[in-house]
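What follows is a pair of complexes built around chain A, which joins chain B in one and chain C in the other.
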Partner chain A sequence: MLANRKLILAHFWLAFAVFGVALTLGAWQMFIRSPIGTWLSDPELYYRSLTAHGTVMGYVFPTLVAMGFGYAIAESALEQRLVGVRWAWTGFGLIVAGSIMAVIPIALGRASVLYTFYPPLIGNVFYYLGVVLVVVGSWIWVALMSLNLRIWRKAHPGAPVPLAMFANVAGSYLWAWTAVGAALELLLQIIPVAAGLKNTIDAGLARIFFSWTLHAIVYFWLMPTYIAYYTIVPRAIGGRVYSDSMARISFILFLVVAMPIGMHHTFADPMVGAGFKFIHSTFTALVALPTLLTVFTICASVEIAARLRGGRGMFGWIRALPWDNPMMLALAFSFVMLGFGGAGGLINMSYQLDASIHNTQWITGHFHLIFGGAIVIMYFAIAYDLWPHLTGRELIDVRLIRTQLWLWFIGMIVTTFPWHWVGILGMPRRMAYFDFGDPAIAPQALSVTFSAIGGFILLTSGLMFIVILARGMRAPQVDAGPYRFAIAVHQPKTVPVALNTHALWVALMIALTLTNYGYPILNLALSSGTSVPAVYVGAQ
Partner chain B sequence: MSAEQAHDGSAEVAARVERRWATIAVAIIVMMALLAAFAGIHRATMPQPRVEIIDPSRIHLSGEFVESNLGSVLEASGNVTVRAIGQQYSFTPACILVPADTPITLRATSADVVHGILIQGTNVNTMLVPGYISEQLMRFTKTGDYLMPCQEFCSFGHEGMWGKVKVIDKTDFANRAKAGGRLSCVGQ
Partner chain C sequence: MSTRDLFTLRNSHFRIGVGLTAAILIVTAIGGFIVLPFAQPWVQFANVWDAICSAAGVPQRVASVTAPEQSKRLSEVVLTSNTLARPSQEAIGRGATLAQRCAICHGPTGISRADSPNLAGQYAAVIYKQLHDFRSGARTNAVMSPFAVNLTDQEIADLSNYYAYLPRLPAYHPTPQLPKPNIVIYGAPLRGIAPCGACHGSLDNKTGSPWLEGQSEAYMKAQLQAFATGERRNDISQQMRNIARAMTPQEIEAAAAYYASQPPDVVKAVD
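Let's turn to the complex of A and B:
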């Protein structure tokens, strides 16, 4: 069993509890704005719910999963005592405090600004302070990951850092730096206005700061999933990692190119010029590279497992895979959703095609498919895989686990495919209701109904997940042994310094951020006459 | 041949296959970037290129977005310019009148918070950020009515912020424009 199981379980349980609440809100939103629900008499309730759903799913849930998983990796991959446990609890406490501080104004309808903030709309200051506390809590985790790796390096000079930890620390650095964009927006722009110290704000500059965070945060959400692809899946299905160095290269590429690309969210915005839009579009194309490499490496690793199990032929080996193993099932579902979601992503980042679907329901469908689908289904798999090592008890409901994964996959497809479709028809995002009686909107009614049904399938699956974990806390005891990660076919004895350290890549990440964001930010920050009056939300 | 040597051989094969795939992946990405650059330069399809600023608290007093200047105008060149503003929770004009088969420049801004303009069934799609002017070139090939929802959350009335675009025949539009002033289809 893991030594820090209490710490890790606290992170996971809080993550999954808030996930359950936000998922329920999400299903209600799908229902209430579909033709099967009746119109809301007070649309404001919808935006409260939407703010809560986004804030939890975007900031709290994935951050807690990454942190809990990160502590598990630090302890088990480095095979040393986790240093800074007290600080880790402090970080956890900050996240609890921040979440409570943020959720109260949301529930009171004083912060219905959505998790993307949208100044010059300004909500209650405690909402923003709560978000800041959550981020500060997670930064403690970043520092601890770095510190623990440093201690390990001292004890093992020159030895290859275990892949799981190398990737985990890369993910933590990515998060630390990408959160800076939203932090600057909050601390320099929004909070002074929300606190009443100022009453004007540059909305365009705020959108640029937010785009700094908004894209790379997705890769932070993705990191635990990719770590699971490389270091858990091959072990769980009886295979080997095809290539250790290609895995490292993929994580390095994420670290470097996930960051300077966020302005593809602002193609349709008036405050960025064409040049920087094009540069960001090109860099976004680059970020497809680590995913293409990963797809290859993981498929090859899975093939190794199949051939070790006696699989033969060009494609015949696929049948030899352990399909009753939840990890295999989760990986396959995740890859299918990653494939569709990734193809959609190439459309979004495209300099020209984006105009057809910008801010339509296509985008909502896209990120639910990628994040809610490809990424979160692997969070489930990570939890299932770690659970016996955290509880000392066996998860005996394997059939239930498989059903849960199937339902999540089906639910996500039923929800997001029609969602993409109505987006192509031009249905806008973030609306509390639609007038399906309008002949121009009526054809979208059927698709929206399907999405709502998908939402309830997802809710069922999500609640099953929580029940399975809860039952796992009371299952028969078992000695799960030490927690291990997959090893490569050719496990490296030495690794080039560049593939074993982060400093060079972090420097490159920061440098590219400065070249790709420096001018647009300075240009607006130094120009006068772009600040506009704040519009306070919920101030009657 | 020892087992160790066989193992080294397989490592070489593995590395070669991997390099090949990486090359294909890089080629795909380079091709995508080149396509985007080509379409941007050759076909002139690109997002708004220039940054223009404006003070939203004064747009109703003077300048190009005063109320009497909002709507569509037929320029001497034969092109049409449409000026519009978004505010919580409507567009002005609420119904935009434009001719078919004519190059149109849409110039718009916001009077308060962030809004967006999306014309359904087309790829006309731009943000309205207070403090900045959005400009988009467009051309309609089919006459008819198009819905124009606000596509960005602008607070509690966002779901009710729907405008309209009415595309009419080119000569019909020219006749209406003879009377001068700014055209719209509000109330029609």
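Let's turn to the complex of A and C:
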């Protein structure tokens, strides 16, 4: 059993509680803007809900999962006492305080600016301060991950850092640096305006800062999922990691190339030069590399498990896999959704193709498939896998778990495939209602209705997940034993210093940020006449 | 295993990592800043540096092109939500004196007996912008323009503050309160019409947009028609023209009749 159960459980429970609320809002949004809902007589309510849904799902929920999982990894992979527990609780407290601070103005309709902030739209200052507190809380976690690894290194000079911890710390560094973009936007630009110290804002510069955060944050969300692919799934299905070095290289590549590519979110923006857009677009293509490496390594690791179980033949081994094991199921679903989502991503990253789907429902369909689908289904898997070690009780209802995963998968496909489709037809995102009575879009009504039905399947699955975990707190006690991670076919005895430390890759990450963002930021920051009047939400 | 062994050319990971990254960066930079700009046959660059600057997004002033001559004046007013915030008592007092010459049309209490707009309790920024626009000629009206041409900036600010300060009284043309028509609460999404209420109250208020409750129906109808035909053009970025052009005559009637029938206390609930 893990020593810091309370700390980790607090993170997970808060994560899943806010997830449940935001999920309900999401299902309501799906319903209300579909032909089965009626037009909202106050569309502002839609944007309130959308701001809460996006803020929770984008900032609070994944951050808490990464943190809770990170503490579990630090303790169990390093097999040492977690240092800084009091600080960890402080970080958690900041996230609680920040979330409450942000949610109150949203609920009052004073911060309906959406989670991307959308300047020159300006909401109540407490909304932004709340988001800042959440980020600061998570930075404490980053520092603790780094510190605990350092302590371990002192005690084990030259020894290979366990893969789970190596990846976990890489993810934390990625987050620390990528959050700087939004932090600069909030602290230098938005908060002074929201606090009334200024009343104009450089919206173009703000968008560049936000793009600094927006892409790599996606890989921060993805880190727990990839860590689970490499270090949980092979162990859970009785296999081995095909290659430890390949895994390290993937995480290193994420660190280096996830950062300097965020301007693929500003392809349609006039204030960025086309040359920089091209560089960002090309580096975006490179970020497919670690994902391809991962898919290859994990398929090979899974094949090892199948062959160990007696699987034969070119593809016959697939039948020998433990398909009734929830981990196996989650992995397979996750890969399918990653595949479809990745294919869509290729369209988004292409400068010209992006123009046809920019700001349409395609985008929301895309990130729900990848994030809500491929990533979040592995969060479920992580929780199921860790739960007995956190509660000292067994999750007995394996069938219910399998049903829950199936429903999430089916629901996500039913929701997102039509969502993509109406996007291609040109339906804009972030709209509270559509006039499906008009012949121009009447044919899209059916697709949107399917999406909404998918939304309710997802809601059902999400609530089942919470019920399963809650029931797990009262199940019969078991001794789950120590928490272990998968081992590699060739478990490394020594690892080259570059693959065992992060410094070189962090240096490259920062260098590429400077080359790819330096000029566009300075150009706008130093030119005059680039600011526009702020538009205050709910103010005359 | 110290950083000294890491950041050195003897370390092959360092050589490969840094070398590959730099190589990719250089190749993509050459592609993005030199090759692709010249690959566009419809753009002419004087030299390579010119192409690089263009691809980097360096702001450029194009000397040979002059802005097209505007045949009619447009509004030059810049509004923020802080425009004229927190006026002094003196400003309001000066405004009251100046407002005596407005009373003949806009009423001594700021409520018009004719079809001129009511000004009592209107947002200061709104009156401020319209007076500036009348003065500059961006908006014209045979009666109003002569009053505005001689106003100073200070007088415009004082008048705006005074009228904003006046209590919102019921209008002179009471009709039974009408229910909200669709155009006010929903707009018409497929024609790009946002709900009127999203800017003019009922749902939300945006800087520079007047509240309309109790205004004369004839006045509002005339303004919407003027926006639709382009006769009135002092709305910033054509915000109102774009909407009015897309409205049907029935929607114009419905919106004007609805707002005219509303008592002013509806406004208070919003701001």
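The rule is simple: the second predicted complex is superposed on the first by the 539 of 540 C-alpha atoms of A that agree within 3 Å, B and C clash if a C-alpha of one lies under 4 Å from a C-alpha of the other, contacts with A are read in each partner's own complex, and residues count from 1 in each chain.
Here is the rule we use: a residue touches a chain if its C-beta (ideal position, glycine included) is under 8 Å from a C-beta of that chain, and two chains touch if they have at least 3 such contacts.
Remember, it's a predicted structure, so these values are computed and weren't measured experimentally.
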Which of chain B and chain C A:Ala97 touches, first, second, both or neither: neither
First (chain B), second (chain C), both or neither touched by A:Glu44: both
Partner chain in contact with A:Met271 - chain B first, chain C second, else both or neither: both
Partner chain(s) touched by A:Ala440 [first = chain B, second = chain C, both, neither]: both
Contacts of A:Val136 with chain B and chain C, given as first, second, both or neither: neither
Residues of chain A touched, compared between chain B and chain C (which is higher): B
Touched partner set for A:Ile521, first chain B, second chain C, both or neither: neither
Which superposed partner A:Val535 touches (first chain B, second chain C, both, neither): both
Partner chain in contact with A:Leu293 - chain B first, chain C second, else both or neither: first
Which of chain B and chain C A:Ala480 touches, first, second, both or neither: neither
Shared contact residues on chain A - chain B and chain C: 43-44, 271-274, 277-278, 282, 286, 431, 433-434, 438, 440-441, 523, 527, 533, 535
Contacting residues of chain A [partner chain C, same complex]: 39, 41-44, 157-158, 196, 199-200, 256, 271-279, 282-283, 286, 431, 433-435, 438, 440-441, 496-501, 503-505, 507-508, 511-512, 515, 519-520, 523, 527, 533-536, 538-540
Of all residues in chain A, those that touch chain B in their complex: 43-44, 46-47, 112, 114, 116, 118, 120-121, 202-204, 207, 242-243, 246, 266-274, 277-278, 281-282, 285-286, 288-289, 292-293, 296-297, 300, 346, 350-352, 354-356, 358-360, 425-434, 438, 440-441, 489-490, 523, 527, 529-533, 535, 537
Chain A-facing residues of chain C, complex: 1, 3, 5-7, 11, 13-14, 17-18, 21, 24-25, 28-29, 31-33, 36-37, 52, 54-59, 78-82, 123, 125, 180, 185-186, 188-190, 195, 198, 203-207, 271
Chain B to chain A touching residues, read off their complex: 7, 10-11, 14-15, 17-18, 21-22, 25-26, 28-29, 32-33, 36-37, 39-40, 45-53, 55-57, 88, 109, 112-114, 116, 118-135, 145, 147, 149-159
